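Both of the next two complexes hold subunit A, though its partner changes from subunit B to subunit C.
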Partner chain A sequence: MRAVANDEKSEFDALAFFCLLPSLLYVLCMFVYPFLYGVYLSLQPQKVGGFSLANYLTFFSDPYQYGTIWITFSLAIPTTIVVLLLALWLAYGMRRGIFMERTVTTILIMPISLGVILLSEGILGFYGSQGWFNQVLLGLGLIKEPFILTHNYAGVMLALFMQQFPFCFLMLLGYISGIDPSLERSARMLGATPSIVFRRVMLPLIAPGLAIAFALVFVMSFAVFPSAIMLGQPAGTTRTISIAAYQKAFEQYDMSAASAIAVIMGLCQLAALLVIILFRRRLSPAATMGVGKR
Partner chain B sequence: MRSRMWKLSLYLFIVGFILNMLGIVSHVVVSSFAKRWFGGLLPPAYTTDWFAYAWKNFDLGQVLGVTLLIVVVVVFLALAIGFPAAYILARRNFRFKSVILLLYFLPLVIPQMTYGIPLATTLYRYGVGGSVVGVILAVLVPMVPLAVFVLMPFFEQISVNLEWSGSMLGASRAQIFRRILFPLMVPGILTAGVLVLVNTISNFELAFLLGGGGSQTLVVALFYNMFAGGVRPVYSIDAMAVIYMVMVMTLLLIALRFVRPTQMVFKLDK
Partner chain C sequence: MAVLLLTQKRDDMNGPGDTLDSLKLGITKRYGNKTVLDNLELDIRKGEFVTFLGPSGCGKSTALSIVAGLIAATEGEIRLNGARVDHLPPEKRAFGMVFQNYALFPHMTVFDNVSFGLTLKPLSKEEIKKRTDAMLMLVQLTGYEERYPGQLSGGQQQRVAIARALVLHPRLMLFDEPLSNLDAKLRVEMRAEIKQIHAALGLTSIYVTHDQAEALSLSDRIVVLRNGVLMQSGTPQEIHDRPKNVFVADFMGFRNFFKVRIASVSNGIAEGVGDGICIRARAGADVRVNTDMVMAIRPDDIRAGGEVVSGAEDVSGRVEVVEYLGREQEAAIRINDNTRVWLRTAEAIRTADTIGLQFPIDKVVLLPAE
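Presenting the complex of A and B:
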């Protein structure tokens, strides 16, 4: 073997070791180990002795269980697409700053910091059939019957949107405002219309960030749990995969089967991430980052 | 003309979203002060009784105490564990650094529900599930990496020359940490502390999976009482929600003195 020239010399000494040790131990013991233990446990069903795939086979032979995958996908994918398009539109429009930007962004992060529980309680009241939203629309004569936006599929979508939109918007805003504005100016000077600037210059630069934002929003939406219970029909149309896992673990006390469902949930998220990463490889790298605003 | 319409629609959307947020929040507030409220734009009569009712019936004194204990311990431990790690990751280069960074990144991007179930299984097996210790241990899983990633850029801003001059003038490692790095890191520690604080208070999934009878945080107690819907008057649940909201909003206002709103989410340019 030939020695590989290494221009970055390793600076790993005793100090580095002892400084990293507590956090590394923590992540290994409380994150990596439980994951591996979960996989191991899922292969040892309660009813059967020894290793077997029984948990997975049971999951995929029961429509009430495997149907949750489809339900979760059908909630997560539309939400992710709507969130991403609106966030892209808004962030692109705000890339050079807007009136009262700080106040606006502060209000936008309110849903993130208030948390999903309070948000769901508010949505139940505000968008309920007796809520202000429907009262105003009825009062203005825009609709005849109140919109049913709670305790169904739409309610969960609404909660997911409120939760994910600010998150996605702020990520994209940071990314887009970091793109060198002179690129856009040059394109304009050379005669490109705003829509061509967006399509041919800006979008290719934004695309890698957009791909990551898609992946993050999708993965978070895929694990939707409390809002699916509070705003949906947890026994019916919005019985997502995390509800199935929770019920196995804490209502039937079958930790082995619950771990199997958690593993399946993780694999679905991983699959989505891999698709995005493969797709991202084909996009051009953003070589001109970090020169713009901020 | 077209770009005017474009800008206008942008502002309309922002105004719509803000109105929707204000509506959601103020509906909860108005409802918590209502004596009775069936339909109608506003309730016919108001009362503050629901707050006393909620305080007594939901055992809020105990719940708030537990929440406070968990939050304080989590913030302290996340900073104590994250501080040295952030220092090394900001200053040194070594072979598996990118692997370690990826490892610390995972608990932040993988949904808590996905790793929460195996984590809960493990912690219950070792007998700490359903206790305050269990909740603290679980909530720290995403909070330690969060502290590391918030602290790292603050270390990067401090010139290495300061450390070198310190050690040339005879300061020991401990002295450099205590007398040079620590004072310069105060803004970073405040930022990280505030972000961990806000995220811990509003954390639901992990606190829910690990919290038992005496170790429910405020959000978890709120969820259980809503879920038991119909048993308790909705106004009293809203009163509890308002108490939670006041707490979070106060913290958020304090937090925004130290952090930019965009710091509350990930940066994409990694």
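Presenting the complex of A and C:
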């Protein structure tokens, strides 16, 4: 099989290339060119002139700037882990279908269709200190003072969770329900309790899907911007790296420095992805050798 | 040799008794108001090989899954050695199961697949290795320990699936159409192997299939199901030679069915008239004159006469279709406007020939009208 595939690849197929052309052009124009242009911009500081690493050096010498890396990680990593665990739990429970599955799924994925801004406004109204959430708890006498869930770290976490969860849940649900149900049955017949089935059979098979979900949720969370401003403290505890880049670009009009921050942000995301890929290889080295594609 | 090794130790069982002396089923399964199993009652004895036979959707796999504990019966009970087991989860029943698609763990090697069940028991590593190796030897897969299921052929995967279940000394083996994904040649080979293993290890087995040849060759007893209803249960000989109804007869290879009215019964021989012909069959005491019945005969039981003769059980007709089957040929013979007869013969026949047919009285079965 492999030899045949190689033979096919080695020949130049004009039709295949022609069919590939639109997507190739798209990637070149919409991704490769802007990316390279950004890197080029970041290496040409406005104040100094010529090529230099001055933008990067400035960024890493100012704690107010390089601190945003830590802030962003401390938002993105916990969010990703919480989203992943909850989505895994729910999707695993729903793998064989549940009562009113369509309705439940629709409710769960509703936040996707609302958009970040509306969602953030909603959270502000609902979870704010004058919002229903706190008013009800106060009214019932369960709390003495309102929970502060907006304009801080918790608010951004909440918003990120609501945006990321539906994606992650849908992805994992599709992945898990695609695993042959007879694997689970055969493990049970061999004496495995449901928890052993999960640990030794299902989890290793879900691991590749989890890794992909982690990567996507993390990358999207790392780029958090509107909710960090609307629900966070954009000048303090939730000043994420994207806010730093925005301020450089549109408050100080220094496109070059903003590009440098964007490049740093991209490198951070890439580093996290590499860690995930390496981790996943160690976790289940043979999961890709399955019967067919799962 | 490997067989001896495996039959020694049966010390790690749990539940009501280590072995199976008897299994008593009485189960009904409904989905909504659709009954997929209608009070299937069955007694299985130690060492028996019982086959559930029927077309797809007859409830045979459902019955097997209920015995396994993978789905719950709507009503009824399962008794193992007299004690109810239908409340036990599958992992507590100590039954082995082989699945149609093998259901091997794709992320584990052959060794890990086979030893999976053993690792869940309080056994030493050496013991696990010893038993796994012995099992792999039994199914002739020594040397394949480090392969992954995706690197094995269908037949090898099926052997791993069988080994994985057998290594735990199950008190009951359940086979869910295990051979239907294999090619014809391999299927016959694996069939013989399953039969040999069953006998050598003294297993008690329930086997599900839609293939009558498989059922006949493997079973001590065949249970024919249709739409969740037991149609007939008996030895392969009984099912093959004396089907009790049109459905079982049709499933067992009878191809010629004649709707007849019984014209006379004398000396244990009934004469049926219908479909423009007159056929005689051996009849039991309960057959009455003037009742509507069906007479059936297999294509290979019909004798083709060289010359056309007239007589009570002789008919003649024109050959319409000839199917070449290698050693023999099967031909459709038009004997009148609404009746065609299928004949299987080793003699040469050609389309448009006119030939005489005889229905040997001992080969015709008399069945109740549907």
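In this text, the second predicted complex is superposed on the first by the 259 of 294 C-alpha atoms of A that agree within 3 Å, B and C clash if a C-alpha of one lies under 4 Å from a C-alpha of the other, contacts with A are read in each partner's own complex, and residues count from 1 in each chain.
Here is the rule we use: a contact is a pair of C-beta atoms (placed from the backbone, for glycine too) under 8 Å apart; a residue touches a chain by one contact, two chains touch by 3 or more.
Every value quoted in this text rests on a predicted model; they were computed, and no experiment measured them.
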More subunit A residues in contact [subunit B versus subunit C]: B
First, second, both or neither for A:Ile112, with subunit B first and subunit C second: first
Which of subunit B and subunit C A:Arg102 touches, first, second, both or neither: first
First (subunit B), second (subunit C), both or neither touched by A:Val82: neither
Subunit B versus subunit C as contact partner of A:Val275, first or second or both or neither: neither
Touching partner for A:Gln135 - first (subunit B), second (subunit C), both, neither: first
Subunit B versus subunit C as contact partner of A:Pro204, first or second or both or neither: second
Touched partner set for A:Asp180, first subunit B, second subunit C, both or neither: second
Shared subunit A surface residues [contacts with subunit B and with subunit C]: 289-290
Of all residues in subunit B, those that touch subunit A in their complex: 3, 6-7, 10-11, 13-14, 17-18, 20-21, 23-25, 27-28, 31, 38-39, 41, 80-82, 84-85, 87-89, 91-95, 100, 103-104, 106-107, 109-115, 117-124, 137-138, 140-141, 144-145, 148, 173, 198, 201-205, 208-209, 219, 222-223, 226-227, 237-238, 241, 244-245, 248-249, 251-252, 255-256, 261-262, 264-269
Touch list for subunit A against partner subunit B, complex: 8-12, 15-16, 18-20, 22-24, 26-27, 30-35, 37-38, 41, 86, 89-90, 93-94, 98, 102, 104-123, 125-126, 130-133, 135, 162, 165-167, 170-175, 178, 194, 209, 212-213, 216, 219-220, 222-223, 225-226, 229-230, 242, 245-246, 249-250, 255, 258-259, 261-262, 265-266, 269, 289-290
Complex interface listing, subunit A residues touching subunit C: 180, 182-183, 185-193, 196, 200-201, 204-205, 284, 286-287, 289-292, 294
Subunit A-facing residues of subunit C, complex: 68-70, 89-91, 94-97, 99-109, 116-117, 120-121, 148-151, 157, 161, 164-165, 168, 174
